[in-house]
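Once you scroll down, you'll see the structures, which are given as structure tokens.
Next, two complexes with chain A in common: one pairs it with chain B, the other with chain C.
And now, the complex of A and B:
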């Protein structure tokens, strides 16, 4: 067993590895990450995960629900650290897995992977507390600077393979009829299907434009799903981009999926522009790199100021244009707590995936991960078209009849892990409530 | 969440035996022997003062007295979301208090006097902020809390000239008396009462003037409960309010009386359920939370419990959006990056401020409150 495997085993048990080993690990990780572009290409099948925030036990639950590494190909969209009490264990484990299985583990940067934010939101303090100095924090921050800013998932299937197990009475699904394909499926942590949606197979572009595909659960605390005008992702992929590096290859109807932590930027109209950013630095306070990590979709038109103080708000029209222009079928992002774990907006043009259940041990939310299946219809060849700059030039003509179809999406929803299982050291975390008490002794309430 | 997982040593330090049921509090049948639960609550009081200091240090609030009333060595930077919450809560209650007091006019300090009674005041600094800006004083300010809390506050006042100065009791001839046990303080404008609120209703038959010395039963009065009544059982909480509305303050002709509540609400959604269970693991039970679970329930409560002339409420998120002017919001938002928008909304929707009043003999006293924007739900 290699040192790395031993470290993985130790971290899986929520036990830290020595500082010297962290240093070595971070060095290796950087060597690996430096070779990655700003936008990493990932082939489906892949499981896309949102914020983790140091909730180590919930990360273990995520692996239980989503499958272990390397059996499952994972893409984590950042915010590994801060807030939770096990940022170190969580991030170092993910980093070990990245170094051990580079092709099965993609990590992109979240806005919390930053020196400034980690000093406010807990990771810095945790490093000091657990290692006695800021060294490990420094090593980790150096790794943060090399994390990719986004990923492009290629070759995702438009149709899901149906899951057999289902939670009988609670299943609410549209009737599967002939000539339909399974588009989305929601599973609980026991692997039972709780919801599925179907769509017509081989749709024409006009079908796509009338199909509302907001499947977010109703009791979400965030803004209600928008009633924006129906999307018209009807043009051939890449037509708006002058035919370079966009669109799907013939035979693959599914457009690529862009994964990024926060969202879009007014300075970025094409995926290729992301590739031009000099990313190896602390997250700036403004500019394209900042926006990708900080922005949020919102029920507005165009761009708006973000209440977070960094990044922007962007509306459904922006997403539609961006997806169309880049031959994308979906933007997957994290960054925002959603009570149901995931939330599709803008007729399925963008999805928020949130993977920290009962966030901060107090929010009462569930978490989700998003699985995209592999498209085997084109004989296993993966459409690379959006993976690398300059590829697939002119593959698609402007008059192509191909339609960019969104990938089949399987959401696995899970709750916070029981804290006392699997023999892991766990203390009951204390959630912080602001303003709870300007003191009145409680004994009086219980002394009668 | 600055290291809440580390035991709060200050709470242990302050759980000392002073003020254990002696003096006035014993007379009134209270028993403030420190217990494990006392210390938990002492810890939450420290939480509150530490949160206040954090908000002050970062520029959210201006409060010259925050440092003096926070246990030394416990200063901790809170998360932006907590700081904003502390800011909104403090600012909102300040606005209600300001509207109640009205503008300060030096020539009317004897004719336009008013009174504030703060329930479970703990280490609150409001009295210092108000009195320091209104000298000579046109109000009487009372704080009621357990002896263990009042003693530490009086200790802070004794050892801090700045606090005495704020209260106008820093001169040699100042009329100020502190009980032998160090848990009661009386001065012309400020009284600290080491009293168990629950014991008040048991004393309705006795001479009311001795229970809370210094309370003037004819003065327009504002009662403030910042997360205080919620710890009592529903009937106890109601009895406490009744003590003021029906017994202490005359009802014919009625003394103008208002009540400001600041409490958690909405315990029945996912966030609320988690909050209840998390607090339970800390030994904290918010006993009236389910009874007054909504703004509507809070308004009914105020109406039924003697504040018939007006009732209103708003959650903290609403107040942030509607009570704080745009320029100030921008200033506050610029103090720290707040990467917790969704969580902020969740948290801020689970705390409310409710206010109600009876006009009594003077309909002008609470006139100012009618201009405050309330949340209609």
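And now, the complex of A and C:
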């Protein structure tokens, strides 16, 4: 067993590895990451995950629900650290897995993978506390600088293979009818289907791609059976979907999926522009790189200022144009807590995936991961709509819009890991406020 | 020693016959470097003085017969003065306001949008609410200058800053600080009756501050206000700090008027600090003690092992030197993690009652003294501070370490090494409110908000709020 495998085993048991090993790991990871482009190309099948925020036991639950590495390919969209108790264990494990299985693990950068943010939101504190110095924090931050800014998923199938198990009493499903394909499926952590939607197969893709979009879970699944009806024949208004292509094989029509942590930037109109960024630096306070990690979609038109003070808000029109221009069918992003674990917006043009259940121990949310299946219909050949689509097809051609179909999306929803499995640790020496005897500030009482 | 011969200084009150000019409180802390002058300002001294004065009053009292008189919540031994009862009235009106503005039942991310409405109504009614609560000779006390503002301008500023952020739907220690300043303002204006040392102070803590904290907890639960604790699990508490100070004082050794404030040991029958991890003990003690009351709220809202979601409090529960030790540590920590933190105090406004003027008696850079007090014998890197814990970082360094305002300052940022961000060296000077993306808070929903933040985004000073539609949104160059 190699040192790396041993480290993986140790971290899986939620035990930290020695500082010297962290240093070596981070060095290897940097060597690997430096070879990656700003936008990593990833082939389906892949499982896309959102924020982790140091919730190690929930990350283990994620692997249990989504399949273990390397059996399942994973793409994590950043925010591995901060806020939670186990940022170190979580990030170092993911990094070990990246080094061990580079082609099966994709890690991209979140806004928390930053020196400034980690000094404010806890990761720095955790490193000091668990390793007694800032060395490990520094090693990790150097890795952060090399993480890719985004990923493009290619070759995803437009159709899901139906899952057989279903949670009978809560299943919400449209009846599969002839000439339909399974577009989305939502599974609980036991692998039971709780919701599925179908769309017409081989129909005009404009209809097909809009019929049952914006798949978001109902607030109360059991109380809203059949909320999502069978596909209608009319495209959703305002989608601009007006093409009449006959469509080709279902899989090959599937557009690429762009994964970024935050969202879009007014400075980025094409995926290629992301590739031009010099990313190997601390996350700047403004500019394209900042926006990709900080922006949020919102129900507005155009661009808006973000209440976060970094990045922007962007509306559905922006997403539609961006996807259209780049031959994308979907933007997958994380960055925002969503109570149901995932949320599709703008006619399914963008999805938020959130993978930290019961965030901060109190938010009561469930988490989700998004599985994109492999398109086997075209003999394994990947559809090359890799972000250069729009450019090669002329700008904003109506045809290009109508030929892109969203991939089949399987959401696996899971809850926080059981808590009774974690033993209580010994109390650590407390902060020096409670230890060092000194006169300030109580002396202020007598200062005058 | 102070003139009154008491072991603790008391916040001085205004001479009601002397001339005085009130000032509409304004923001003075514009960038991280402004925290240092704040720590030597009269306003800082007054805040600390008032906090220590209230803290002192919560220590049990040595009685003549050798027994101790503790000051538990709901004790009959503390009489509430008329002004305290008026403030209780005010708090219950704000609680009633929740009935008027029920939480929105529609889909939401986390924070409930109706809190914004609650806040708006509060702002609309603030003047009349204060009028019902405070006598006219205090509220409407005029400035000596004919065209000056009345005391209301100062009172209202701190009052409105006490209720979380309607914009970000969160609540944090900055708001709590604002409420302390509100009470301190009333004190300075002679709004509380003169009594024996500690008598009125106890009434303020038990009769006003604890009900305030209860109301805030209700707001947090009703509108699911986001935790504003910036350090995640590595902070003391998501929302509150004062109950840990006053609550530990309640369980500390008894004192008489001239005793120095104890710095260790406990009241003989005080619960063991380790009790915070035992739910049944917390349930019992929260009824009488502010520390456990705050811990109880954590149990109410958080699921998971206590040591994991609250490691700071867990470790503190292992302190063997008693509640007096915990009390002293809490005060030091509050000083370092709240008063010395740029993200928290940046919005605290200064007028005449809490003044930006330099305190001539202030110890030069008190925070620096604290900063040098880290554990010995460990490699302390310039940015790291003492390595014991997150929050153990010295206040001078970390206290003024704004998320990125310090970046411009250069000296206090973490070592950037060869990969320094471009703005680290070239960022334009100027206050951190200069623009949306260069300045404001990183994730404003999580940062401890400033007390005056409620209705404005950090970038609101120079930019219009992001409108929904209309002509406001910045257009991308390539849009349309």
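Just so we're on the same page, the second predicted complex is superposed on the first by the 363 of 448 C-alpha atoms of A that agree within 3 Å, B and C clash if a C-alpha of one lies under 4 Å from a C-alpha of the other, contacts with A are read in each partner's own complex, and residues count from 1 in each chain.
Here, a contact is a pair of C-beta atoms (placed from the backbone, for glycine too) under 8 Å apart; a residue touches a chain by one contact, two chains touch by 3 or more.
Keep in mind it's a predicted model, so treat the numbers as computed, not measured.
Ranked by how many residues of chain A each touches, chain B and chain C are led by C.
In the superposed model, A:358 makes contact with both chain B and chain C.
When the two structures are aligned on the shared chain, A:85 is found in touch with chain B and with chain C. Look at A:35: by the touch rule set out above, it reaches neither chain B nor chain C.
When the two structures are aligned on the shared chain, A:179 is found in touch with neither chain B nor chain C.
Within the superposed three-chain model, A:269 lies in touch with chain C and out of touch with chain B [touch as defined at top].
Across the superposed pair, chain B and chain C both touch chain A at residues 83, 85, 111, 117, 120-122, 125, 129, 307-310, 336-339, 358, 360-363, 365, 427-438, 440-448. Residues 1-2, 7-9, 45, 48-49, 52, 107-110, 167-168, 227, 230-235, 238, 261, 263, 277, 301-305, 307-309, 311-312, 314-319, 325-326, 328-333, 335-336, 343, 361-363, 366, 369-370, 373-375, 378-379, 381, 383-393, 398, 401, 403-404, 407, 413-417, 419-424, 427, 436-447, 457-459, 463, 465-469, 472-479 of chain C are the ones touching chain A in the complex. For chain A in complex with chain B, the residues that touch the partner chain are 83, 85, 111-112, 117, 120-122, 125, 129, 221-222, 296, 307-310, 336-339, 358-365, 427-448. Looking at the complex, you find that chain A touches chain C at residues 53-54, 82-85, 111, 115-117, 119-122, 124-126, 128-129, 132-134, 137-138, 141-142, 145, 219, 266-267, 269, 280-286, 290, 299-313, 315, 317-318, 321, 336-339, 358, 360-363, 365, 416, 419, 422, 424-425, 427-438, 440-448.
On the side of chain B, the complex with chain A involves touching residues 1-5, 30-32, 35, 37-38, 40-42, 44-45, 47-48, 51, 77-82, 85-86, 89, 119-124, 145-146, 148-149, 196-198, 226-228, 231-233, 236, 262, 264, 269-275, 278-279, 281-285, 287, 316, 333-334, 336-339, 341-343, 345-347, 351.
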